[in-house]
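Same chain, two partners: chain A is paired with chain B first, then with chain C.
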Partner chain A sequence: MWTTQRFPAIWLLPALLPVALMTIYPIAYALWTSMHSVLLLFPDTPFTGIDNYVRVVKSGYFLDALYNSLLFTAIAAPLVVVFGTLTALFLQRRFFGSRIVRSIVLLPWVLPGAISAVLWIWVFHPSFGVLNGTLRALGAIDGSIPWLTSPKLALISVVVAHIWTQIPFAVVLIMAALSAINSETLEAAAIDCRSPVRRFRYVIFPEIKPMFVVLLIYNALAAFTTYDLVYAMTGGGPGTATTLLSFQIWKESFSMYDFGTGSAVAFIVVAISAVMILAITRALPSDLFEGD
Partner chain B sequence: MPGRRNPLLTFLFAALILLFTGGPVALALYGSLVPDRILLDPNRSVLSEGPSLESYRYIFTGELPASYRQASANRAMISDAARQVPHSLVNSSIIALSAMLLNMLLGAPAAFIYARHAFPGKKLSFMFLILSPLVPAIALVTPIYMMLEGLGLTGTRIGIILVHTAKALPFTVLILSVFFRKIPQELFEAAVLDHCSRLQAFLRVALPLALPSIGATGLFAFMLSYSEFMFSMVLSGDAATRPVSVVMAALARNTDVSWSLLNTAIFIAIVPTLVLVVLVWRFVVEGLLNGSVKG
Partner chain C sequence: MASVELKNVSKTFGRVEAVRDVSLTVHDREFVVFVGPSGCGKSTLLRMIAGLESVSSGELSIGGKPMNAVAAADRGIAMVFQSYALYPHMSVAENLGFALKMLGTDKAEIDRKVAETAATLQIEELLARRPRELSGGQRQRVAIGRAIVRKPDVFLFDEPLSNLDADLRAQMRVEMARLHRQLETTMIYVTHDQVEAMTLADRIVILDKGRVVQQGRPLDLHERPANRFVAGFLGQPKMNFLPAVAERVGDAIAFRLAADRQPLFSTREGLRLAPGGTAEIGVRPNAISLVADKGIAAEIVLVERLGGTSLLYLKVDGLRQLLTVELQGKPAATIGSSVRFRFDPADAHVFDGQGRSCRL
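Up next, the complex of A and B:
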């Protein structure tokens, strides 16, 4: 570890400047918007303080949307990381066709949310869907299961589709972290520790923990702010069963043209995300955020 | 990985992973080869009719499928947007490759400094990087659009590249700094003893050791850019600059468009990226797994 007295600007500014350009002014602008009444039809933008925030919190959708978003995040983010880790551990093995499987796993990565939604609608569609078709062919069901139109099943369906879109990134990162483990550590562990579960618990997991935490944070954010996949699959329905808080930002801004309220929802999402990040880093302490 | 292996269990796991990740894409391939009238008819299947390439022919040559040339055919099921797919792939490749290169170039030095140096303002600037992606992009679309319009960058690829680069950079720096931390401290101490400057330590020690990881991180930036929709849509102009995600979304939201055409477009959009992913995976991740980078 080197210590420098000066801020190493030449090294950092290439990365910091573009990020600053795309965040500081836009965020300040959005914050300003959230405290003014900015409606498309009215040229005046009077200062309204926290009125927009109050309106959002008191609105009919807020509690439902917040509950759905938290539930969605609490189910989807850990599942992505756990499935991603299991898949990565499995794909480290060499077996016949392992290269093909490793490539196929990355497929979902390239598709934008709206397109992934099309593929998954085809899986879950009540009459033409592959899932119902397969179940019917196997004789497991007679009619059709309403995957996207029954409240509980709709949430499960969109969670499955969301996990599908996020798995490849998790697999790549965990595999990269796994391969960075010192091979001597692994050899020693193989001798000392017979049980693969214990070996993972005491040797491998501590090594990949920082990456694990990064992934969990990334996925919590991704799940909490996603909206396009869910919107394209269910439109937020049935009823409000899959209405997510992040979707309301879009709805208020670009469907109601009430940009002030839309920005207010956005900053409520930001506040909750910040709390989530803090909770994850507290629950899983790692040296990631230490200044050492 | 040492340990006993049960071939049957291995096969089962592999099949499950393939079914889940590849299944929906295989459906798109199937759908692209089968005209709608067969797809939605439970009594006919591809087995009795044989695959048809008419949707592919339409996208690349503009020749209408025979079934749509009949007088009573529903012409709304054919959309011009499908014909933009090949060119939009070129656009997307240019944008995503630029974002990927910029991310590796701009992100690696910063990640190295964060992983290996103590300096005033470290925590503050790192926190800024980590927290900057927190604000949902949809709330920032309007101000970023206005800003780039002031710079004359709307309707160009450069504007999109700039936004995508900035969007991926925080993650690039975060992930790369995790990798740079993994490089054993002794190597850098040896470098200092050999009178290596900070730049030399970075170029001669850190970069070669972390190259596969930098590649993997670049891949992440590529994917983020390739699949990003909102900014691509707002900032792209006419068909000449439109990336593939925008064209595909236009197709997907058009409820009249034929399933077969939509699936063909989806599949064509997947293929080039799949090739790239396999290549990068071969060189980067296989290299990692074969132990070229070990402490």
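Up next, the complex of A and C:
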């Protein structure tokens, strides 16, 4: 009678209940909110249909924020994965002090987002920042570059900080994938092919490709939904230069106290994220999603 | 076609000396087997020839050209690994053709060579499959095919059959021998399986603790082991060793069991042994016979009947090790019964206190 085949649903309940409570309920509640007028100062929550969505799309910030978010994602996600892979390949080698270097590479991971943001604010500080200081010392610039307050540079500066915080995770996962490759397979490749670049392309990359794709998806989502660095470093400015769509979720909800509109932005972010996941898995088919 | 020459080659990993001062020549088209217990340095030696390990000191040349600083891919070698090391995401055909593709061979030529190799190894029907869809034996064939297709000067095999079950191993052993005759290429083969070594090798090189202990034709090594290690390593079931003392009696040397001074045999053959010294007498299990009287007394402890032959394990007074006797057919023998055994002095190997053969 204790067989899992007779009442499979019952056996799944202990696992499904927390999922339902933690994931499905909040999502459903957010969806409900996005279709009602939920304002902190008004106790009534009348149904408004897609009005919130329309308001978001027609708002002054929407196109800028969408453009910024897509640009942010398009730069950050591939660079994180590429730099992560290069770092992992480098750290695979054993050299004097390699263990210490491995630990150091992981450091950005342990720092909370807000701390990283403060760190980078100081790096980019126009007068006292290490970046301007170094450039001045090298004689590359005379004055100071306003990294975080120039509309042209602010987004790039935040992207750099974001990449820095995300690389360690990519390094760890790619290193795990690399170490799962049979060492004799790599040796066979060394006998078959002289060029390390071609060995990477034909033997190593196909082996780590599933991990590569997973990381790309993860980082696309992380970049598209990031908000903490922007919040702490630029507050979305100057103007709308670093206003990201995900940042607007926070702004609408907790700055304007318009939870209905905030939820609508959130669902637009979710919809675009879903399209991105599909696009990446289509563009880079890998065994992971074939299910053989 | 090429010879492989090693001159005073050593390999150290940190403080560990894996290979010590090995000098060795593998002749063109020769099949040489490196054999020894695990950790003896045989695989390291092979990997140094392949270029997968650097040479710490000494000279390595292939086909007369110095190879110490040459990359693995440029040495003209091909290697078959214990784990087969096939490229998991490539089909069998792609695995076979990979090295050629990397060399820039044109597509039609690759296809022709892959087809030819597949025919040689009878794996034509597997060409479209991935390695994970193959059995162990099939993977092994593909791994060998991948080596053959490049037409290397030297084939290197690192315990290629040890992941196969006994039946398949025996079958592949026969094929390896056939392949060597067919390809007429220099082959160096590492194994810990002495049956593979005995049956495949033109020459066996026995290694222990990073050194070459003895090398020679299989039967020569079997019949004239240079020391106790080689004697104990080659031959199945293993050689028996009886601790003995030697005494000079006239112009002959008489050996007695060390434990109870029972006479073993005496010989006039020239032996390099100080009389009165201790020695060990090595006798192969099939050289011992049971006799009705005379001989040395022993008790049967265990009988293993293998069909064609039977193995008797005897307890001899004063001897810690059991004595193994291999007899033809199904002799009447019961556990616990007393027997007497003898052996022909011509079949005895005498080793001195340091384990060296005393044969002149």
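Everything below uses one rule, namely that the second predicted complex is superposed on the first by the 272 of 292 C-alpha atoms of A that agree within 3 Å, B and C clash if a C-alpha of one lies under 4 Å from a C-alpha of the other, contacts with A are read in each partner's own complex, and residues count from 1 in each chain.
The criterion applied here is as follows: contacts are C-beta pairs under 8 Å (C-beta built on N, C-alpha and C of every residue); 3 or more make two chains touch, one makes a residue touch a chain.
All values reported here derive from a predicted model rather than from experimental measurement.
J.: After lining both complexes up on chain A, report clash or fit for chain B versus chain C.
T.: They fit side by side.
J.: Mind working out whether A:S253 is in touch with chain B, chain C, both or neither, as first, second, both or neither?
T.: First partner only, chain B.
J.: A:N182 contacts which: chain B (first), chain C (second), both, neither?
T.: A:N182: touches chain B and chain C.
J.: Kindly classify A:I104 by the partners it touches after superposition: chain B alone (first), chain C alone (second), both, or neither?
T.: first
J.: Which holds for A:Y202: it touches chain B only (first), chain C only (second), both, or neither?
T.: second
J.: Going by the touch definition up top, name the partner, chain B or chain C, that contacts more of chain A.
T.: Per-residue touch count on chain A favours B.
J.: Quick one: is A:C193 in contact with chain B, with chain C, with both, or with neither? Answer first, second, both or neither.
T.: second
J.: Contact-wise, after the overlay, does A:A15 reach chain B, chain C, both or neither (first, second, both, neither)?
T.: The answer is first: A:A15 touches chain B but not chain C.
J.: After the superposition on chain A, what angle is formed at the C-alpha centre of chain A by the C-alpha centres of chain B and chain C, rounded to the nearest 10 degrees?
T.: Approximately 70 degrees at the chain A centre.
J.: Could you state the shortest Cα distance, in Å, between chain B and chain C after the structures are superposed?
T.: Least C-alpha distance after superposition: 7 Å.
J.: Which positions of chain A sit in both the chain B and the chain C interface?
T.: Residues 182, 190, 287, which sit in both footprints.
J.: Applying the document's contact rule, which stretches of chain B touch chain A when the two form their complex?
T.: Listed in rising order, the residues of chain B that touch chain A are 1-3, 5, 7, 10-11, 13-14, 17-18, 20-25, 27-28, 31, 39-40, 105-107, 109-113, 116-123, 125-126, 128-140, 142-144, 147, 162-163, 165-167, 169-175, 178-179, 181-182, 185, 198, 212-213, 216, 219-220, 223, 226-230, 245, 248-249, 252-253, 262, 266, 269-270, 273-274, 277-278, 281-282, 285-286, 288-289, 291, 293-295.
J.: Would you tell me which residues of chain A are touching chain C in their complex?
T.: Residues 182, 184-185, 187-195, 198, 202-203, 206-207, 287 of chain A touch chain C in their complex.
J.: Chain A touches which residues of chain C in the complex?
T.: 50-52, 71-74, 77-79, 81-90, 98-99, 102, 146, 150
J.: Where on chain A does chain B make contact in their complex?
T.: 1-8, 10-12, 14-16, 18-23, 25-27, 29-30, 33, 87, 89-93, 95, 97-99, 101-120, 122-123, 128, 130, 164, 167-169, 172-173, 175-177, 179-180, 182-183, 186, 190, 196, 210-211, 214, 218, 221, 225, 227-228, 232, 246, 249-250, 253, 259, 262-263, 266-267, 269-270, 273-274, 277, 287-289, 291-292
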